[in-house]
Each structure stands twice: as C-alpha cells, then as structure tokens.
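The two complexes that follow have chain A in common; it is paired with chain B in the first and with chain C in the second.
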Partner chain A sequence: MSFLSQAKTKRFLSVHGWSGTILGLLLYVCIFTGSIVVFDNEIGTWSKGQINESRTTLGPRIDHHFRTAARDVDRSYYEEVSIFRTSEGDMRYIFHTHDTDPETGQIIEPKVDITLDPETGEVIERWEGLSSEQPRDAGSALANFWVDLHVQLYLPNPYGLILVGVLGMMMMAAAISGIIIHSHVFRDAFVAGRGSDRLVGARDLHVLAGTWGLPFAFILAFTGAFFGFATSVGIPVVAMSAFGGDQQALIETVIGTPEELDLTPAPMASLDYVIMDATRRTGSEVSSIDIRNYDSASAEILVRAGAAEGSLISTPLAFDGVTRSFKGERPFIGQAPSLGSSLIGIMPPLHFGNFAGLASKTVWLGMGLAMAYVTATGMLLWTKRRQDVALWQGFRRWIVVTVWGLPLAMLVSAVVFFLVMPAGDPHWWTPVGFLFGALFAIAVGLRRSDAPEVLRLTNALLCLSLPVLRHLTGGTSWSEAIIAGGEEILVIDLLLLVFGLLLLRKSRQTKDERTTRLVQEPAE
Partner chain B sequence: MTGASIFALIVLSLAGLGYLAATDPKRRRIFKQSKIERRPFAWPARIATFAPGLYLTIIGHWSGLSIWAGAVTTVGWAMVAIQPDRYYQARVRFFAVFQQATARVVPYMSVLSGALVSVANAAWNGVTTRVGIPFTALRTHGELSSAGGDTIVLLEARIAELEHRLATLEKTTSQSEAPTPDEENSIILGPHASKKLDAAE
Partner chain C sequence: MQDEVSIQKPGSAMRFAGLVKLRQVVEARPRTTRWILCGPVALIVTLLVMMGMAHWWPPGIARIDNIAMPVVLFPLIWAGVFFYALAEDKLARASLVLAVLALGHIGLLLTSI
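Moving on, here comes the complex of A and B:
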C-alpha cells in the first residue's frame, strides 16, 4: 500500500518478520498439529480400531435405561449428570459432584462413571471415585497426545496455554503487518511461485499462500489466542482487577447467581419427551444432556443438539426437570441472549471447524496446512535474505528439522503407540515415541547436508508402514471396517498410503535429477 | 440448502477464479505466455467468484458461507500456485492419452475424439483469449477436420509439448544468475528501493 513511506514499510517488514520468526518454529508446531487434530475423533477411532457402529446422537428412547442405572447410584452424586454417547456408540452416564479437598484445598470431583449398551441396557463398565484418579482410556492415548501437543505444546498448565495464546497474538501481528507491507495484494494474487531458488521464488511462494490464507489466518489466530488466554490469563486478571481476586464472584457476575435450590426429591420428567421436544425446536438431533440436581424439585435439564441448518452455533436448551416445560435457550454467558454470548459461542466452531461434519473439517484441515506452509515459507524467506549471517543459516537448519521433523515425530509416536498398545502403557510411551522421532530428526538435520531428502524419505516409509503396523497389531481390517461402516479407518489408512507414495516419489526427484532427465531425454 | 448445493457454489466460484487466473495479465507476463488484448469474461468471472458468497450471506447460511469461503481460498490458492506451463503440459498429455486410448478401443472413435479434443482446445483458447467461444471452436474444428482430423491434433500437441520442454530448459539456464542486492531489495520493497532505503537510513 503506497500510503506508507519506505521507512515505515521497512519498519513494518521488521515487525512482520520478527513476529513470525521469534517462536516461529513453535508457531509451526502449533498450527501443523492443530490442522491434524481437527480430526481428533476420527484419529481416536482409527487408533483404537473400534468402529462406531451406531449413532453419535442420543436417540429417541433413553429414559428407561437411564432411570434403571440411576437407581444404583448414591444420591450424593446427583448434583450433576452428563449423558452422551462414546465414540464406540455406547451410552455413558457420568454422575458427579463438586467438593473441596480438606487437605489441599483443591476442587475435587467425585463421580460414578457408567458405560452401558444402549440397546440392552447391560452395564459394560462402572467406575466410582475421584475424577483425577480415573484410569485413562489406553486407546485414546495417541489422539490425546496430539491434542495436548496442539493445545498446550505438551507443557504443564497454565504455561502451555499462555504460550499458545502468545503464539496466536504473534500470528495476528504477522497477518496484520503482512497486509500493510504488501503493496500489491490483489495484483499478485494470481502470481504462482516462479520455481526459482532465488529470493524472488521464495517470496512468491510466501506471498501467494499468505494472501489467500489471510482471512482465515486472522480468524484462527484470534480464536486460538482467545482459547489460550481466556482461562489461563483472562479470568484471573479480570478477577484480580475487578473482584479483588475472587474468581467465584467474577463467575457469578458473568454467568449469574444460582437460584436457591430445593433438593426435595421429586419425580423427574421423561428424558424421551424432552429429547423429542428439543429435536422439534432445533430441527436437529440431540447430542448430549446435562441434568443439574437430578431427582429433586430444582432439577434442570440442559439439552445440546446439533446446530440448526445454516447456523454455526448450537445454543443449549433448558427444560424444567420436573414439569418438562421449556425454559428457554441458555446463553454461553449471562442470563439472556447477548452479542457477547454469541461471540463466545462462535469461537469453538470457527476454531475447530466441526460445525458441518467431515466437510467443514476437511476445509479446516486444508486451511491449517496452508497456514503452516505460510509460516514455514516465511521463516525460510527471512533466513534466505540473511544467508551471509551464520546465525541465520543455523536457524535455517532448525527450520528444516522442524518442518520435516514434526510430522516424522508424530508418525513415530503413532508407531510406538501401536507397538505398545497390546501390552504396555500407551499414555507413557506415545510421548516417548515422539521424543525419539524428534531426536532422530534433530540428529539428521544438524549432521547431514541432505537432511530434507533423508527426512522426507523417512516420513514416506513411516506413512507406508503405519497402516500395515496397525493391522498387524490387531487393528480392524479394511473388510471389517467396510462392513461395519468404519470409513474413518479406511480413509486414514488410504491417506497415509497416498502421502507415503507421493513423498517417496518426491524424494527420488531432486531438482538436479529432473533437469538432467529433461536434458538427456531424446526426442521421439 | 444441501451439501450438494454448497459444493456447486464452490465449483462455480472456482471456475470464475480459474478464468481470472488464466487470463491475469501479470501472471501471463511472468510466465511468458502470449499477451491477450482483452478479457471478455472478466466481469462474469468476478461475479461467479463472489456471488455465491454474497448469496449465502443474504440467506444467512453461515455454516455454508464458512465452508464456501474456506474451500474457495484454500483450493483457489492451490489452483493459482500451480504454474501455467504445468496446466498446459497436463492438458496436452491428457488429450494425447485420450485420443490414443479411444483410437485403440474403437477405431472410428478416433475421429470423434479428435473432434472433441480440437473443440476443447479451441474452446479453452476462445474462453481465455477471444470473444466468441462457439464460433472459435467451430472454426478451429472445421480447419482441422478439412486438413486431416486427429493426426494433425496429435502432431500439434506433440510440437507444443516439445516447445514447452525447450522453454523450460531455457528458463532453467537463465535462472542460474544470482540477483544483485539492488534487485533483491526491489523484489521485497518495490522499485527504487535502494535509494529510498538509503534515504531512510
């Protein structure tokens, strides 16, 4: 934009470059893993090898089995009940209450967790105790690890969240300064990379991807920064500045003061009726139910259904737990619908891209990978302009290590997950596998001049071996997956094979080889 | 609105983008394609690109709008990121394979496939560089048919492919020269950058 003087442009160029380069490697990790874990449920199903044969929504008749299960649960757990389906299609009831540990003063959550067959009502699993002591599901270790890597870079709370929030802010700074410094956004929108090793080639690649991805870079960065900062910094800071550090007072002000409760036992309304009513009102199927103060005069049923046709947000509906009368929509914050509540509600779908099933997830995956590409090419451009400085050449090596090493380490973590799944503790070994992969990538990247080729080839071999390994370690076969409708397993396996073959092909075609072949190939 | 309708709107926008990219003057200049005098379908293409988004906004279909915007920017970027000569190469190869395959299966089909290829080629050229698609297509097809049909098209495709290879080789050779610092500054900051940078410092 020509309204800026050259000196100002140069200053903005520095802001753009430094905001993308400082912590740029971590930003790349955050964006790349974020793109992959858009499919966290599908990855969970694929890695577990268990097929979701039935629906993810609750279905019309759940009341009878729920009441039968609730009778065996002590009333002290009736404060809150969550009802939903597991990724395997089983029904899960979590009866839980909130308490304070008298020794540590920490908030604890005693619970009774019941999983049962939705058809027969037979209890598959029952667990009682503190939430923090509940054994983790071994099959979800891989998906959980990758999600943790994205959400908090596998760092302890709240440092990971804060760091990811900072990364989101830096991405926004890079996006805004990028618009300001690039004087020909529209004129260059159709200029492909010139396929040159020179600076102009690197610049073309970065500018083109950045121009097209700009709107979503801003959205993903803003929502990501929100999720990073909201709970780790936002609530404590606002509580400190406006409520003298009393977070409970802040929450009551924002969410509203709870009504005085009447815990006298009272017959509960039929959940089947409530589901039917909610389905009629929203036009979509109910995905989960939360009951507060179950089996009492103050019982309230919160129903979550899928977003209505064309909408991004699905607002929970509140019903009276005894009279089953509709109490209205329950906003995300406050007691009445507001712009703030809508803005809060729109954050998750815009960040996770989960509002329209596989279609929206696929688009979000593409956008995420495009952003990762922008980050990587931006850092490479920055170092290319400083190729006379040894420090930046060292940094360039680390870019190669991160760009190729991150997928490699993730693939190694998956390999280790499948190897230890039948016997060991995948929650411990999966991160260890990632560490091994990362160390290998670092060793190759820092020692070998042909590191990109070696890492690309290793990635290719890992992609090709994972479906085979999954099958050999007892995973669902393709025929079983097709019969039972487990498309996720088939699709992820096929994607890995396709990526593996593409990388294998690419790794054999270095630029020099291509040129030589063109020169030497005789005309027919 | 069904998923298929949203998909159709995405395809419409991408078609518009495809035209705009194929006829973009700067892109054509940089990749040494022939200069075109006018872009007869530039405005219809712009409308095709943006109208679906406007329509989804007007009817308040926010989820559709998000998917449309995400898909158009991501796939649009991927479309634009591919160099024009790659498309050209792919088109030539596809037509050659198509004709050879049809000629092998049913001999008389080669005449029909030759006609199809020439019409498609002419239509592409007509859309991107000339005004009248149907007339251009018919004229080109007529010329080719009278001169010997599919054999000429095949030879033409082969010559174009060889010319393209020669151009690629020439480009590779010319790229080996490194730019001067002034050139690099002008790439990043625009023309006369060095003078202005000196003044700023």
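Moving on, here comes the complex of A and C:
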C-alpha cells in the first residue's frame, strides 16, 4: 500500500509522466550523448588514430627539455605556464599572460604554445599569438562536437547550459516522483517482463531499468542541474547578492588577495624534484603542472596528481618555485579547505564517472544508456496509453525519429569526420554530417511505416563500416594499436562491430517475423 | 481537490477579508494555481533563497561556504520547494509558505544592502 493519498499519488504520477515527456526528446539526447562522451578522451584517441605508450602522466624527467624550450620564449609570457601531455603523448608547454584589448576592453590571452617530443626534446609545433586566434586541433573535432552536443545541445552560451540545467531539473523531478510513487521498489527491482508486445510488458521493462537506475538517475540529474545552472545562473546571482557586484571582492575571496609580487629573476627549482616530491606525497603520478611567475622570486608551482588512495578528488599541491619547499594543498576554491570547496570538487567525478579509470567509466556508460532507455520507453508508454489522440501519435513518430535518429546522426558525423579529416576542416564538416544524418532520420521517420526497421538497419551498417573507414583513411591499424598500448582503438572498433552485428541480427529477425505474418494472414 | 470551506465568525471575516479573498482566488482554479506554484514560483523562490543564503549561511574558515553552498545546493533547494508545492493539499497554505519564504529572503537582502 502506498503511503500517499489517491489525490497525491495522481499528482506525483502526473509529474513523473509530464517531466519525462515535456522536453523528453531533448532529455534523451542529453542522456544518450552524455553516456557516450564519458569516454571522450578515448574517442579522441580513437578518432585521431595517434597513440603513444605513456601519454597520461608527465613522467619523472621533464626539467631539462622544459628549461631549453623556455629560453626561447620572451619573458613577457612567463606570467603563467601550463605543462601537460597531449592525448598523442607529446609534451605541451603553454606560456601565457593576460591583458586587456585596448579597442574592445575584453580580456585577451597572448600565448606561446609549444609541442615537443618528450624523448628527444625536438620541437614539433610552435605557435605564438592570441589564444582566441589559435587554430583548433583538427583531430579532436569529433570528440569536441559530441561533448558540445551533450554539454549545451550545440546551442550558444548561456542558453544551451541553461536548457541542460532545466533538463537536469526535469530528470530530478522524474526520479524523485518515481521513488515516491513506487510502492514496491524491491519487488519491482526483480520483476520479470510479461511479453514485449503488451503494454504491461513494456511497462515492466521500464520499471525494471528505472528502479535499478534510480540512484544513478538522481546523481546524474543533481550534478547535471548543478553544471547547467552553476556557471550560467547560480554563481552570478550569488556573487551579486554576496558582494553587490564588487567583482574585486569576489576574486579576493575565492582566489585570495593578490600578494606583492617580486618579479626579480631567480633560479627556478628543479621540476623533476617537485614531481618526485608530489608523487611521494600523493602516491600517484603527476598529470600536469602550472607555474605562476616563472623564473622570478615569486614563482609558485602547482602540481596536479591523481587522487590519493581512498579519495575521489585530486587536490593540487603548491610548491615554492625557487626553494622547492612544499606550501600545502590548494583547495578547489578559496584559500583553505572547506565544505563548499569539497562538494564542488566532488561534482566532476560524480558526473563524469572518471574516479576509478575505465571501470567506473564503463559503469557510467552502462547506467547512462539504461537511463536513456528508461526515458525512451517512458515516452513510448505515455503515447501508447493515448493511442486515440492524434497529437500523441504524431509525437510517437518523433520519439522513433529521435531514439534511432540520434545514434544514426552521430555515426554519420563520425563518417564525415573520417572522410574530411585528411584534407578538409573537420570542425565545420562534423556538425554538417550530423545534420545530414538527422535529416535522413526525420525523412524516414515521418514518411515510412517501417521507420524503426530502416533506421535500425542503417545504424547497423554504419557501425560495421566505421572501423573499416577509419582504417582506410589512415587510422592506426589494430596491430599498431596493440603494440603501442592503444587498446581503446581496438575496443571502440570491436564495440562498433559487435553493436553492428547485434542490430543486423535484430533487423533480420524483425524481417522474418514480418514475412511470417504476411504469409499467415491470407490463411486466417 | 477542493479544500473544505471553514466557517468563520463575521468579525474575523471582516478583519481578514483580504486574505479570504486571496484564498478564494488561489483555490478557484486549483490546477492552474498548482502549475504556477510548482513552475515559475518554485524557481523564483529558489533563486531568492540562494541569494539570501549568501547572508545567513556560515562562511566557514575559508570564508567561501556562504557562496559555494547555495550554488551546490541549488538543485536540492528547488526540488524541496517544487515537491512541497506539489504535495501540499491546501493550496492556500502552500502559497502562504512560499510567500513567507520569498518575502523573508527579500527582506534579508534589502537589509543587507
């Protein structure tokens, strides 16, 4: 028996249904793309097809090559230096400073961006100019486009972020109302489907996936709403309230009062020693370094390593740039550890699922896809119960278009990316490819009665053709990937082939069932 | 679901005529009122609570908790306000509680300017 009155249950049920239906299609897009881009780094490596064995951490010896490169950079860029590895395993140094454009009054970031071979120290690429004018990396176009699709639905800022924040709130309303109206949570977690053709069977599967995914749905919705609103609405509103528009007071509270800088040239501490010290303190390897006021008496080195044993968050460690003495941990925000800083710090690992490497990412992918399934089946159930209303039947077609069309459009964007990568501009063509795929799905979905079958078959063929196309357009072969330790290339290719074969098999089964039905119908 | 109409004494009815009228307006269209309370009103109240929290939440040692916590708790504050407005059977009471919450924080903001 439910603890709610009949009227309350009706209201909560109504909110559960409407929250998943209004903007439900966009919610599906957001959840599905979010599940995929949990592996954005791996997708980046797979699409670029360039790998290197030890590409995630800096390694123990970087000081010599860094100093050599820094000598060729003008001192005006020494205000901030970022040191990290690219996804291809090369070492990248970004020397940059901050200035104000005299004409527009906007903040600009002049920089010198150096990429070099970590073994030989040979400079692979050097770029000098304004950050906003730097050409984008062609190889990351596919991963960037899919991430943009998830983060802001490819809409301009801040509208995309706000819309995604609203979707997070809708998802939270659906998840919480789902928990409240569930009178048999434990029984429903083990419910067996009662035949896929019946409404109760479809409902059973929706409830089963939804029940297991409820805690995950709540986490995703909560963190998603936070990311959507925090930067676009939350922080400006709270800052306005707390500091009455005084930006300087806000900066001083969050970052600290700017200390008196002594920019007199001073010999820098060895980065190799600092890396060794940070590794010893955290028990994990160093992934990146930021140096403030390089080569001066006020130099400070911020080291980012992986999270310490038993911790979800990795806190940067600060070292004196000259004496190399340990200055303490630097919280995410503020000048001292705090509850607020810890909670903000825990949001990214909870949302991205990257706190335990591939294992946690795989769980996040699986649970994310389960949530996409719950959203899609929820919308289908809603329209199935309203079969006699023309409006909802029209909406049902759009559900089919979106559920099958989104993966199709993403796959077409990948096909176009691989085709134009050798010569064209993938940053322009990848979204165009997505648009072509989406238009194809819309045309099929609205014109053909067998749209799900056609779209499923097209998805299958695209999944099967992508690994071949990647290889033909100059991507890393499987043997090269295995030798160089780029197992993600192999895994993504294999996953595409497996999904392609499963979809192909399902398409053949559906075709056989349809043929059998046609043969039997005259006899009846 | 309409609330039961309580019998009021003539004197008190005169005294609270404005409130009674407001209650009648709120309860005349229960479905519309609930949509408004759960939708725009819940969002506005959440934003006001966030802004007000910057003044009553303890800043902590790092002096940033009063800024960080409202932002972090935003989804939960909204969920609390939204589900309260949904669950409360008496629409007049829900309107009153949300109004007190909003006006209390507006007052706090005005006094801290």
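In this text, the second predicted complex is superposed on the first by the 503 of 524 C-alpha atoms of A that agree within 3 Å, B and C clash if a C-alpha of one lies under 4 Å from a C-alpha of the other, contacts with A are read in each partner's own complex, and residues count from 1 in each chain.
Keep this in mind: a residue touches a chain if its C-beta (ideal position, glycine included) is under 8 Å from a C-beta of that chain, and two chains touch if they have at least 3 such contacts.
On a predicted model such as this, the values are computed, not experimentally measured, just so you know.
Trainee: Is A:168 touching anything from chain B or chain C once the two structures are fitted on A? First, second, both or neither.
Mentor: A:168 sits against chain C, while chain B stays out of touch.
Trainee: Counting only touches as set out at the top, which of chain B and chain C does A:203 meet: first, second, both, neither?
Mentor: first
Trainee: Where does A:432 make contact in the superposed view: on chain B (first), on chain C (second), on both, or on neither?
Mentor: After superposition on chain A, A:432 lies in contact with neither partner.
Trainee: Return first, second, both or neither, reflecting whether A:22 touches chain B, chain C, both chains, or no partner chain.
Mentor: A:22: touches no partner chain.
Trainee: Could you tell me if A:356 is touching chain B, chain C, both of them or neither one (first, second, both, neither)?
Mentor: In the superposition, A:356 contacts chain B only.
Trainee: Quick one: is A:7 in contact with chain B, with chain C, with both, or with neither? Answer first, second, both or neither.
Mentor: Both partners.
Trainee: On chain A, which stretch or stretches are contacted by chain B in one complex as well as by chain C in the other?
Mentor: On chain A, the overlap between the chain B and chain C contacts is residues 5, 7.
Trainee: Inside the complex, what are the residues of chain B that reach chain A?
Mentor: Against chain A, chain B makes touches at 1, 3, 6, 20-21, 24, 26-27, 30-31, 59-64, 66-67, 69-71, 73-77, 80-84, 162, 165, 168-169, 171-172, 175, 178-179, 184, 187-190, 193, 196-197, 199-200.
Trainee: In their complex, what parts of chain C are in touch with chain A?
Mentor: Touching chain A: residues 1, 34, 38, 47, 50-55, 60-72, 74-76, 78-79, 82-83, 86-87, 89, 109, 113 of chain C.
Trainee: Which residues, counting only chain A, touch chain B once they are in their complex?
Mentor: 5-7, 9-10, 13, 183, 187-200, 203, 205, 208-209, 212-213, 215-216, 307, 309-312, 349-350, 353, 355-356, 359-360, 363-364, 366-367, 370, 385, 515, 518-519, 523
Trainee: Can you list the chain A residues touching chain C in their complex?
Mentor: Residues of chain A touching chain C: 5, 7-8, 11-12, 15, 168-169, 172-173, 176-177, 180, 221-222, 225-226, 229-230, 233-235, 237-242, 244, 250, 253-254, 331, 333-341, 343-344, 347.
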